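Please read the structure below before turning to the comments.
Just so it is clear, A, B, C and D label the chains in written order, and each chain counts residues from 1 on its own.
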Amino acid sequence: MKGALTPEAAAERIPDGARVMIGGFVAVGSPLRLIDALVARGARGLTVIANDTARPGLGIGKLISAGCVARVIASHIGLNPDTQRGLNEGRIAVDLVPQGTLVERIRAGGMGLGGVLTPTGLGTEIAAGKQILEIEGRSYLLELPLRADFALIGAWQADHVGNLIYEFTAQNFNPVMALAADTVIAEPESIVPVGVIPPDAVRTPGVLVDHLLVRAR
Amino acid sequence: MKGALTPEAAAERIPDGARVMIGGFVAVGSPLRLIDALVARGARGLTVIANDTARPGLGIGKLISAGCVARVIASHIGLNPDTQRGLNEGRIAVDLVPQGTLVERIRAGGMGLGGVLTPTGLGTEIAAGKQILEIEGRSYLLELPLRADFALIGAWQADHVGNLIYEFTAQNFNPVMALAADTVIAEPESIVPVGVIPPDAVRTPGVLVDHLLVRAR
Amino acid sequence: MDAKELIARRVAQEIRPGMLVNLGIGLPSLVAAFVPAGLGVFFQAENGVIGLGAPPPEGMEDAHLTDAGGGFVSAVPGAASIDSAMSFGLIRGGHLDMTVLGGLQVDEAGQLANWKVPGAMVPGMGGAMDLVTGAARVVVAMQHAAKGQSKIVPFCTLPLTALRRVDLIVTDLAVIEPTAAGLLLRERAPGVAVEAILAATEAALIVTGDIPEMRLG
Amino acid sequence: MDAKELIARRVAQEIRPGMLVNLGIGLPSLVAAFVPAGLGVFFQAENGVIGLGAPPPEGMEDAHLTDAGGGFVSAVPGAASIDSAMSFGLIRGGHLDMTVLGGLQVDEAGQLANWKVPGAMVPGMGGAMDLVTGAARVVVAMQHAAKGQSKIVPFCTLPLTALRRVDLIVTDLAVIEPTAAGLLLRERAPGVAVEAILAATEAALIVTGDIPEMRLG
């Protein structure tokens, strides 16, 4: 852990054109203040890797509507007509990835594995151009690892060394994304002294977190 | 969850020649009463998939010394001279697998993935006969998934629907093994009513557990 | 009884004690209301909970506990929070006993299309490709026709969700079982004649013997 | 100062503030005692804890909290429990800043052999292959010779642990840095002459300029 950042300082570090993983599922568990700061900075040309693009006016949907995003790698954009419109008008490139493949590709990128061998997508249009391996009599698609320049993580609580815990369905993609980016910035709802989060409760070890977002004022 | 079993009943269900994953690391986190019951039953010809074979008289070491084991798939046997002797005398076949590869092969078997693409082992004797894939300019060994007939899991606490939690380093291989066997039997140190283990604390969901071992008398 | 309730009630009859079941958003999510408590069934939401419960009392919503559509839910006693990697490991690894999904088309091979209408609507596959590929049993719950067009067709013209043949189709008119020989008509909705079903179905249906009315429990 | 303490003290000088460090069992585990508190260093044990601490006070040992050798340890404030999948994901994914391992041989290519003596001793690689492949920095801590035989050799005759060139070798006689050009002699133990090191080393060493005595902090 290298210290705490204000949302503004965090947004300044994330340059236009950066590749950014953002946790959350329809904005549940998304780092909402970090997203607002990127919109406020007027970020441009971001590649966003996330489960979905939420809804207009909500979470990642704000980045879409504000024109911050050039490319989306996600499993679902169906709740956000702005993403759909950007795709149709050629302003936003969209790579659709099955949700289970997406999380596993991110995990592979974060854990030093060369790819993911999955039956998901075989025989569908997402298999186009991909290598198929026959292993012990079954077929698998080879899907490549994903990494990013930044991972923006939403958490419920952090301690002073960056250990993170999550609540219920707000966990989703956050733990794997914390493994797969050069710089990891976590936005917890509260920050507590070391020892408050017991070792067995930790879901993301602090050694993976570069910066915490300062507490909300 | 299908109910609780006595150690004797559990050992009766595990036939000679079965392929058995056993959690634990030098017996820390191993299901010790299940192991004792297999020894008492006089099990024969087991294939044991585990991190290590512990020490003589301890955990999996008891299965080795009692002649229950025909084959070991493990990362380390160095603390158990009985395993070493069985190997040298041709009584026990030993497949040595790097620890990180072993856990990932088990996870792949449990999660429906076709294999593991890892740089670990490249250029060493364990790469012999294995497929090597070049992906984005790097080389990876293709390691195959592992599954078993039974997984014997050591846990700290279970609730009545089989949700499991672990303590400190007693977690180790137990959570992945709970994914990768046809029948999963968990041996918790205590069993508590539903609701005592909060949802966010659960490490192995009860839906993965077929049987709990009855409480120790 | 309206069409959606009829479908949901019939699908509920497919659920056996102790199953782990995933319900898609929209129509499939209605099924839960018709599954008797006490069956020991756990509902999984792919965004990260095993043990999804009914919407919470007014004013007790938790922003961190939602279903895959982003709607507020609760968690039943014995629930477990999981991250997306575990969620899709359960799905892809065959640990999910049943999934109930909506459909755009199902064809005579029993293959499903439900994630894209080229040129019109590209919501994305979300978890559908993993669910159809990995679940032990796949039930499609949908209206028999949309805009006067049969959704049960000789050959899917929309992009496939998976190669896998689904196990059952439940519509407001009929229950149909895809088999290697083709689509078997199993049941008809109350008061609906076989001739009416055949007339409303673009695909060929196999009709043998007497076709009973739907079991609605 | 005995040979092992000398090696451990010198290795401790390699550790920088905030690092995540894995210490192998045996000699490498002695290093922790010479790393100043307050550096913000976390020690990882591959069996499942980040934040390994010194042995607990007599009578306070926890059977579920051990190091990779099975010895009782404690956990420092801010520690996190992890399972084997996360543990080796951290190692293989490059999240581990340094590993300190014992060795049987290191050769002029900087390659390490430390897991097998064919026909004599087959302890297994445990986590060593993953650690050497994945850690950001690999330090070998070993006696310069065993039974009068140099352990630093022109070419490893024992099975390799990994293809990767290790970053530093620290022995009771010298500090040696493997490079693309060969093995650079960097430091000599207090009171040991360069000639004595060369005489005790079977491999060729590159000696340029004045070779300082070891920094021991």
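One rule holds for everything that comes next: a contact is a pair of C-beta atoms (placed from the backbone, for glycine too) under 8 Å apart; a residue touches a chain by one contact, two chains touch by 3 or more.
Treat the numbers as computed from the prediction; the structure is a model and nothing was measured.
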Review point. Which neighbours do chain A and chain D have in common?
Key: B
Point to revise | Chain of greatest Cα-centre distance to chain D | key: C
Check your understanding: In angstrom, rounded to a whole number, how far apart do the mean CA points of chain A and chain C lie?
Key -> 29
Revision key, fill the gap. CA centroids of chain B and chain C: separation to the nearest Å works out as 35
Point to revise | Distance between the centres, which are taken as Cα means, of chain B and chain A, whole angstrom | key: 32
Revision key, fill the gap. Residues in chain D with touches to at least two other chains are numbered 49, 75, 81-82, 88-89, 92, 134
Check your understanding: Out of chain A, which residues touch more than one other chain, so two or more?
Key -> 104, 107, 112-113, 118-119, 166-168, 199-200
Check your understanding: Which two-chain combinations touch?
Key -> A-B, A-C, A-D, B-C, B-D
Study note, to complete from the structure: Note: in the complex, chain C contacts chain B through residues 18, 20, 42, 44, 49-51, 75, 77-82, 86, 88-90, 92-95, 134
**Study point:** chain A to chain B touching residues, read off their complex
**Key:** 104, 108, 112-119, 133, 135-136, 138, 140, 142, 144, 165-168, 199-201
**Study point:** Contact set on chain B toward chain D in their complex
**Key:** 25-29, 51-52, 55, 74-79, 84, 87, 94, 96, 98-101, 103-104, 107, 118-126, 156, 166-176, 203
Point to revise | For the chain B and chain C complex, residues of the former touching the latter | key: 1-2, 107, 110-113, 159-161, 163, 179, 194-195, 199-200, 202, 205-208
Review point. Contact residues on chain C for chain A in the complex?
Key: 45-49, 62-66, 68-70, 75, 81-85, 87-89, 91-92, 121-130, 133-134, 159-163
